[in-house]
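Two complexes come next, and they have one chain in common, chain A, joined by chain B in the first and chain C in the second.
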Partner chain A sequence: MTLLAQALVSGLAIGAIYALAAAGLGIVFGLFGVINFAHTQNMMIGAVAAVAAASLGAPFAVALLAGVLAAALLGALTERLFIRPLLSHETVQIDTLFITLGLAIVIENAMLMLWGSQPRYFDAPLPGMVQLGRVVLTMDRLASIVLALVVFAVLHLLVTRTRLGKAVLATAQNPEAARVVGIPVTRVRLIAFAVGCGLAGLGGVLWGVTYSVSYVTGSTFLILSFVLVVMSGPGNIASLLVCSVLLGLTESLAGAFFDTKWQRLAVMLVFIAVIMTRPQGLGAGRFARANI
Partner chain B sequence: MHRIFRFAIAALAVAGGAALAQPVKDINIALVLPLSGPVMVNVDPAVKSIKMALEEVNAKGIMVGGQKYRFNVQWFDEECKPPVAINATRAALSQVQPLHMVWAGMCSSSAVATAAILRDSRKVVLNAVSGTSAFAGPKGDPYLFKIKEDFQWRSRDLARYLAKRGLKKGAIIAVNSDWGHESSKTFEKFAKEAGIDIVQTLSYDEHTEEFVPLLAQVRQANPDFIFEASQLLDEQVAFLRAYRQLGLKMQLAGESTWTEDVPEKAGWQLIDGMLTASAWVPSSDRPAVKAYLDKYRKAFGATPGFNGPPSYDMVYIAARAYEKAGSLDTEAVRKVIRNTTFDGMVYGSGKVKFDDHGQAEFPVSVTVFDAKRKLRVLAPGSE
Partner chain C sequence: MKAGAALAAAALLIAACVPFFVRDPYALFMISLSLVGAITALGLNITNGYLGILNLSVGGQVALGAYACAIAALRGVPVPLALMLATLAGAVLAALIFLLFARLTGFFFGLATIAAAEVVRLMVRNLDDWTNGVRGLRGYPKLTESPSTTYWVLLVLLALAIAGTAAVVRSSLGLRWRSIRENASKALAIGLPVRRLQGAGFVASGAVMALGGGLLALLLQYIEPGIAGLNTLVQTVLMVALGGAGTILGPVVGALAITVIPEFLRVANELRLVLYGATLIVVVLAIPGGIVGALERALRTRRRLALYQQEKLKT
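== the complex of A and B ==
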């Protein structure tokens, strides 16, 4: 029983980070149909910027903000320099796929050369743990769960209750019509891209606080992020959160009851089962009302 | 007579000048190791140590038969992926001309994948990184020399030590790689021989950083000790943190990959009491070890990981082999390496002597990390 409880608690925490990592990809891929293979590099850049700021003596809140902003800036630059020029292409999806794949490789190796291969660590900004019997939840993991819930609630409200959110939806559904009614489509797309990448940066910082920061921090999440986006259904933020937690729990339970080496296999089996039964993704039906 | 004397002096001056101006020639080395990819962190100390040793050796020069040489090293990236390693090795063998020697710092999987290609090349190969013994031994490459202790020695000595301490039940946690499997199986074999019951064997993929579920499982089995075989620093730090977070008390023992760079990242309190067995003893008083560590720390601001010291020695072994052979001839150099005891080295006891199968013989010491920032020797290895 303790083992199960521990696995569930750990799975929730890891699911929260997965959700933040994949949220931006969900926005960009789900809403604009752009496959950004460099997306999870924003996680790495966010984590690197935050750990660098912290090592310079910045308080953790400032370091966190620096990480989010750095990732958002990289996202904005990616959109402006590499995505926007390709949007008019007939083969935009395949073009962006290869461009961003190349960009991901360049970013990772540039970071390896500039920053070195050694992992770096935050100096325990969130020490302590909550303990219930033999089940433990460290404060950094608890913070990840809380922050993910807050971020997703804000994101949901932003998209459903604000003009910006409606503009994003309109741009995603029909950019030409959106332009006709006066929505600055180009700017909206840039903002959505930057926000999505900033969220990945936040996920990267939380990952770094809980585990480590290195040049491979982002690439570890790439496949998983795409799995989450496809599994949750395009553009469905609430479903993305549910799927992230589901995969986090799957990983954790596989690690606790079998072997950690089976984690990815278990995740892929869940993914295949979902896609076989609901090809449109989990969010298309049951969670449809939560659609942004 | 006077004119003859002046002529002789002039001739000597010309000859001497010519000798002084004689260009330093190259000994061409192909170096194949992971220079990018996720395992780079592991090989980084090797890269830095090789560069450090190259600078020293080339500054002094290598005298071969009266001619001064320097190592001209061309680097090939194998990314720790066997297919890439095969391509990189083929490229190294064809592009470096004339190729005098190969230095390999490959991952175990890559070393196994490229073993046949290197054997067929009939070039002297020095390998200071690959832990596996799968490509060495009687059926291995007669031109290959491995500057790393055999898995078996470490596992044997550590298992015996744990048994002597009265620890009877063990769990093994190892990375899911060729290296991890070999380490796990080897340790299990020697643990059983020492009367230890292995109650659990678990593994995880490279770069795993969430160890809480796995260790919660180990807690259920309640072994006397955990033997941990990981190669990457991020895994090791995450493992230690999870171990402490769960409040586990069983004895920790680790592969030789657990070196001082781990507590430098994780904190010495976290690793206090952990045992390891290795030929690398950084707390040694030997001047070569002190000089190497001082220079490395000064240059890079960190302590080298387990791949650093043997890689540093590799450059010196090569230089001395050429000097002693007095020739660049492969057979002559191979013979020298096989028959020489290389003194004053950093790794092991400072003496490197290869056996008939090209495996360097090293004494293995059982050491313990203590919170006083030291890797203390508990059971020194014998020659």
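== the complex of A and C ==
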């Protein structure tokens, strides 16, 4: 019983990071109709920047912010240099997929050359734990869950309550019409892209705090974030949250009750089962109205 | 057509003489490696080039073929039979992917295929008894004992793969594939069995890529689960895109270029992948049809220009 409760709690923490990893990918697909293969490299860059800042003596909050900003900056550059020029191509989806695949490989291997293959660790910025009965929740995992909840709540408010949010929704629905009514579509897209990548950076930092940071941190999440976008139905953040928690729980339950080496396979099997029964994604039905 | 056949025979003859001129065993090994890469890229070109299906399962197919071949060879299966087994395994995996993800539309199908590659990677990593896990497999028989003979065997296989591709592409089947690529709903409307044609192409593609994987294992004499990862995907995608997707010779040109040019430039191994990624970026931005595609376009323009001038002379 304790084992189950413990696994559920860890699964929530993993799911929170998955959600942060994939949210930006989903947002970008909703707005541009393209997939950024280099998206999870923003996690790695964010985590690396934060580790670097922390090792220079910056307090954790500052390091976290540095990580998020670094990832958002990389995202903005990606959009400006590699996505925007291709939007007029007839085969924009494949072209952007391939160009960002190239970018992902460049970023990862450049980091390998500059930084080495050794994993780095944060110096326990969030020590301590919370005890709920016999279930133990370490502070860093609690922070992952809480921060993810806060961030997605803010995102939800941003989209539903602000002019920028309305502009984002309008651009996602019909970019031409949005342009006609005076929405600066190009700038809206850039901002949304950067915000999505910043979220990934946050996820990367939280992952690094809980586990470790290395040049492969991004690739670890790549396929998972693809899977989440396909599984949740693109451009639907509510369903993405549900799917992230589902996969996080799958991973942690499989680890607790079978063998840690089969965790990822269990996740993939859940994905395939969902896709076979609901090819339009989980989000296309009940959660469909909670767009973006 | 006759000129084309003569040209092909001449190219084959020149290629067959390579082991007499390239004395350095490492150089011959690298050229052999590019032949294997070309076979894999030809497989990928069937789906990504001719059928217009996005297929990102390359790593999975190559790894499955490599492991199937190596495991069979380790257990005493003759090498040619092991290669056939690898090819068959690839066909089965492709059929499985196609059926499991059958209801996903276009782009999402492509995204999901990368999950299939991940499943293969996890399987070969975890089934230690068969695959020796992350330590990898070695000590299985080679394709042939002599590097030159190995090169010739690979060359013959590649020539067969090119001839096969050319035959299919020029047949009515190839025409139907391209019509699906250009407009799938129109193809369906004129009565083509789109799903079945796509499925056949996808399975053929998987089989050829797994054959490439089997040959890769025999050539490298060491395989590990990382084969199923991103690097294999980016290399093969780059071969097809750089050479020219949807052209018969494009993948071959691409494979030769990305294997031989970095060697020639004496690029350090870590830099090689950075170079691949950067080249992919440049190709997408600057040479959308790839090398062969650009050449074909240039040739066509020249021919039209010549025709136009002839017409003008007549009047």
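Definition applied: the second predicted complex is superposed on the first by the 288 of 292 C-alpha atoms of A that agree within 3 Å, B and C clash if a C-alpha of one lies under 4 Å from a C-alpha of the other, contacts with A are read in each partner's own complex, and residues count from 1 in each chain.
Convention: a contact is a pair of C-beta atoms (placed from the backbone, for glycine too) under 8 Å apart; a residue touches a chain by one contact, two chains touch by 3 or more.
On a predicted model such as this, the values are computed, not experimentally measured, just so you know.
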item: Fit or clash between chain C and chain B when superposed on chain A; value: clash
item: First, second, both or neither for A:220, with chain B first and chain C second; value: first
item: Which superposed partner A:148 touches (first chain B, second chain C, both, neither); value: neither
item: Chain B versus chain C as contact partner of A:7, first or second or both or neither; value: first
item: Partner chain(s) touched by A:49 [first = chain B, second = chain C, both, neither]; value: neither
item: Partner chain in contact with A:118 - chain B first, chain C second, else both or neither; value: first
item: Partner chain in contact with A:252 - chain B first, chain C second, else both or neither; value: first
item: Chain B versus chain C as contact partner of A:202, first or second or both or neither; value: neither
item: First (chain B), second (chain C), both or neither touched by A:136; value: first
item: Chain B versus chain C as contact partner of A:109, first or second or both or neither; value: both
item: Among 19-27, 91-99, 271-279 or 325-333 on chain B, the segment whose C-alpha atoms clash with chain C after superposition; value: 91-99
item: Shared chain A contacts, counted only where both chain B and chain C touch the same residue; value: 109, 112, 219, 261, 264
item: Chain C-facing residues of chain A, complex; value: 35, 82, 85-86, 89, 93-95, 97-99, 101-106, 108-110, 112-113, 219, 222-223, 226-227, 229-230, 261-262, 264-265, 268, 271-272, 275-276, 279
item: Complex interface listing, chain B residues touching chain A; value: 36, 38, 40-41, 44, 176, 202-205, 207-214, 216-217, 219-220, 233-234, 237-238, 245-247, 265-266, 302
item: Complex contact set, residues of chain A against chain B; value: 2-3, 6-7, 10-11, 14, 109, 112, 116-119, 121, 129, 134, 136, 138, 210-212, 214, 216, 219-220, 251-253, 255-257, 259-261, 263-264
item: Chain A partner contacts - residues on chain C that touch it in the complex; value: 54, 100-101, 103-105, 107-108, 110-112, 114-115, 117-119, 122-123, 125-126, 229-231, 233-234, 237-238, 241, 270-271, 273-274, 276-281, 283-285, 288
